[in-house]
Amino acid sequence: MAWSRDDMARRAAAELQDGFYVNLGIGIPTLVSNFIPPGITVQLQSENGMLGMGPFPFEGEEDPDLINAGKQTITELPTTSYFDSAQSFGMIRGGHIDVSILGAMQVAQNGDLANWMIPGRMVKGMGGAMDLVAGVKRVVVLMEHTARNEPKLLRECTLPLTGKGVVDMVITDLGVFEIDRAGMTLTELAPDVSLDEIRQKTEASFIVRVE
Amino acid sequence: MNKIYPDAHAALAGLLRDGITIMSGGFGLCGIPELLIAAIRDSGVRGLTVISNNAGIDAAGLGLLLETRQIRKMVSSYVGENKLFADLYLSGALELEFNPQGTLAERIRAGGAGIPAFFTKTGVGTLIAEGKEVREFDGENYVMEKGLVADLSVIHAWKADREGNLVYRKTARNFNPVMATAGRITVAEVEHLVEPGALDPDHIHTPGIFVQRIVRAATFEKPIEQRTVRKRGN
Amino acid sequence: MNKIYPDAHAALAGLLRDGITIMSGGFGLCGIPELLIAAIRDSGVRGLTVISNNAGIDAAGLGLLLETRQIRKMVSSYVGENKLFADLYLSGALELEFNPQGTLAERIRAGGAGIPAFFTKTGVGTLIAEGKEVREFDGENYVMEKGLVADLSVIHAWKADREGNLVYRKTARNFNPVMATAGRITVAEVEHLVEPGALDPDHIHTPGIFVQRIVRAATFEKPIEQRTVRKRGN
Amino acid sequence: MAWSRDDMARRAAAELQDGFYVNLGIGIPTLVSNFIPPGITVQLQSENGMLGMGPFPFEGEEDPDLINAGKQTITELPTTSYFDSAQSFGMIRGGHIDVSILGAMQVAQNGDLANWMIPGRMVKGMGGAMDLVAGVKRVVVLMEHTARNEPKLLRECTLPLTGKGVVDMVITDLGVFEIDRAGMTLTELAPDVSLDEIRQKTEASFIVRVE
């Protein structure tokens, strides 16, 4: 049985450690904040200029001056600080954020990431994604294993890159892969998912070291 | 020297010419100089290059200047929420230069600080690095990016005093402080004008030296792009 | 994760090794981490490279580490107020690298922001540019300067909360915020430790992400280098 | 009769305009703040992180956290703002300060300035001087015309430079010189100072355009 989106987010949350500073991308990664393991505290960074991001506001308490990088209304916490965009990306590009968890269209076995444009379609822009993958200490991709039955874990990305050799871990609905200089390693399988199924749905070559 | 102007039109008088480059603060619709953008629209100035993280939405923010075809080129990091933008771009009526958001912020800060170029890891090995110098420092590759300045910066702040010292509120700060430093002339639209000495000098985000003109945004309902809430009792 | 340490020695435990590079905040004796400097002296660590705008005075600030010969090299912009410094330097016991003050501040900011190098007009045509790349942008010459990082930054702030958010007071801010960003580990000595939420998030100068350890400077009489006054009734 | 230090400072103050942001160096330039012309307001910048510098404090009101770039205790004004050293020099290097008034050891006829080191003597460092002369819109030098009867206005500086071609105006006890691409021009003489005396005490070549 493949992992649900919540399962994937829970698995990603297990990568967090007490005291971590974390940037969560839009989509499934947003769910990770619902599964912070008990006993640890992390601070969420929002690249539009906030550290210590709180949950959505109660209805009627929305503040137009308080939004996240997805432009959603949010709240502040007792630990919150605000800063300008240059300082925010100084934080990101200077290697001060511990983990970035974000979505992807394609990941290559060498850690290349594509998640910002499809040539020929309207391009919305990369926003802060290129900065995050270049600057954050550890990049975790959370994505469905395939898109319309086509593999997303590839030998080489066919779409324009967001970053070269930047992904450290990929969590899909089928399992978990680690990527380092040696290449890609399958380290976990979702319950009842077979190695065969993963092999069939993955173009990238990987070695298997499932405990 | 008086920096206070009675309204947005007066605050922009003499500053607008066809073909100039304008930096416009804000992230999404948060912290944008709404009244100044409307005054730029009303001026009829054309052929603008606008540097702004986003391009507004249909009928709000920079969307106003897209409707009237006053913008020739956008320099942005993300323009996703604007249907008209897509139409103009795809029809060739609008030029577009994408910058990674951090590169955009840093280029603007550099421009304001007299730095013509700097190196960053962001974008190495991607389309963004094409045609740019890539250089190795301590075994890693970096791409050279150039500082940005503008003929005019229009920004939004929460409070100002008559000296032009500015304080921003929450995430409405975003690009506004760096743009204040990179405009040859910076015009700030502010929600509150306070007496000299009312701002604690340790709390000032933008020193008055970066602000040449100020206009109070007397009434202005701030828009919300994505209203997300949770239920009480959760 | 606890960032609060009971005293300066505890706050530096495990961080000091011979030959490391330390950034030390302050301008003159204003906003220097006096207790942390004394604790570094007491640790006996040697062969330090210290990046600091000034080198203290005899028997105060970094003067403490000069007395004990713990500093191998200083990276500074102005070291004029220290007689011992002059003696050590002229006898060859101390290495010295001068940086223009703005270049020093920008190099530190760059290091903290992941920028390995940038261009500046400062120093073009002077000794400072010798051996460095000089390049023309838009008809003007600029010299390339490199980002600076340190193994450890020791800084002084006015207030901190347990998250490590810092607020500085008046001109005691100076180099402290940029050094906080450029230390692999940053230890802040603070005058007041406040409860979570007591600092207005719009007023925080250094977000807690840049601060790994905090120690309260319980009692500490701040020195004044040049007491200048005017007579009442002027 | 040559100008006194106060006269020189008063003459320099006449270069200020309403709304100017001004950085004053140590020594004679400090006196300029005593002669701001009536009806104009200027803001003094102190490169250690302050705009809107006030006068010295009353005795007993000195604040160790409030000093100027000369490390002297000072006061704040209702217009004051504080900022860090990087922002302070961003202001200076980004061309936002209107005038820098500072002392010099030597000025050359092409605008070269030397004011930070004498080889062989203990070198204290350039502090912010190189940044100021490189970045500020207009650089005015206030200095004695000679040092131990040796001219300080030279064909070429013999001391290591602080900046190349950076000086726009020199005010000495004997007169006022303007420097632009065409070279150096004497534009004013102090009362009862003769052109001959200036010629005798000046090594630099200059043209004369005294009104």
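To keep things simple, chains are lettered A, B, C and D as they appear, and every chain counts its residues starting from 1.
We adopt the following convention: a residue touches a chain if its C-beta (ideal position, glycine included) is under 8 Å from a C-beta of that chain, and two chains touch if they have at least 3 such contacts.
What you see is a predicted model; the values in this text were computed from it and never measured.
Touching chain A and chain C at once are the following chains: B. Under the contact definition, chain A and chain B share the contacting chains C. Of the two chain pairs examined here, C-D and B-D, the one linked by more C-beta pairs in contact is C-D.
A straight line joining the Cα centres of chain C and chain D is 28 Å long.
Mean C-alpha position of chain B lies 32 Å from that of chain C. Mean C-alpha position of chain A lies 54 Å from that of chain D. Centroids built from CA atoms put chain D at 35 Å from chain B. The set of chain C residues that touch two or more partner chains comprises 106, 109, 113-115, 120-121, 168-170, 173, 201-202. Touching two or more other chains at once are residues 76, 82-83, 86, 89-90, 93, 135 of chain A.
The chain pairs satisfying the stated touch condition come to A-B, A-C, B-C, B-D, C-D. Across the complex, chain B meets chain C through its residues 106, 110, 113-121, 135, 137-138, 140, 142, 146, 167-170, 173, 200-203. Chain C meets chain D in the complex at residues 27-31, 53, 76-81, 86, 89-90, 98, 100-106, 108-109, 120-128, 158, 168-178, 205, 222-232.
Within the complex formed with chain D, the chain B residues making contact are 1, 109, 111-115, 161, 163, 165, 181, 196-197, 201-202, 204, 207-210. The part of chain A that touches chain C in the complex is made up of residues 18-19, 21, 41, 43, 45, 51-52, 76, 78-83, 86-87, 89-91, 93-97, 135. Residues 46-50, 55-59, 61-68, 70-74, 76, 82-86, 88-90, 92-93, 112, 122-131, 134-135, 160-165 of chain D are the ones touching chain C in the complex.
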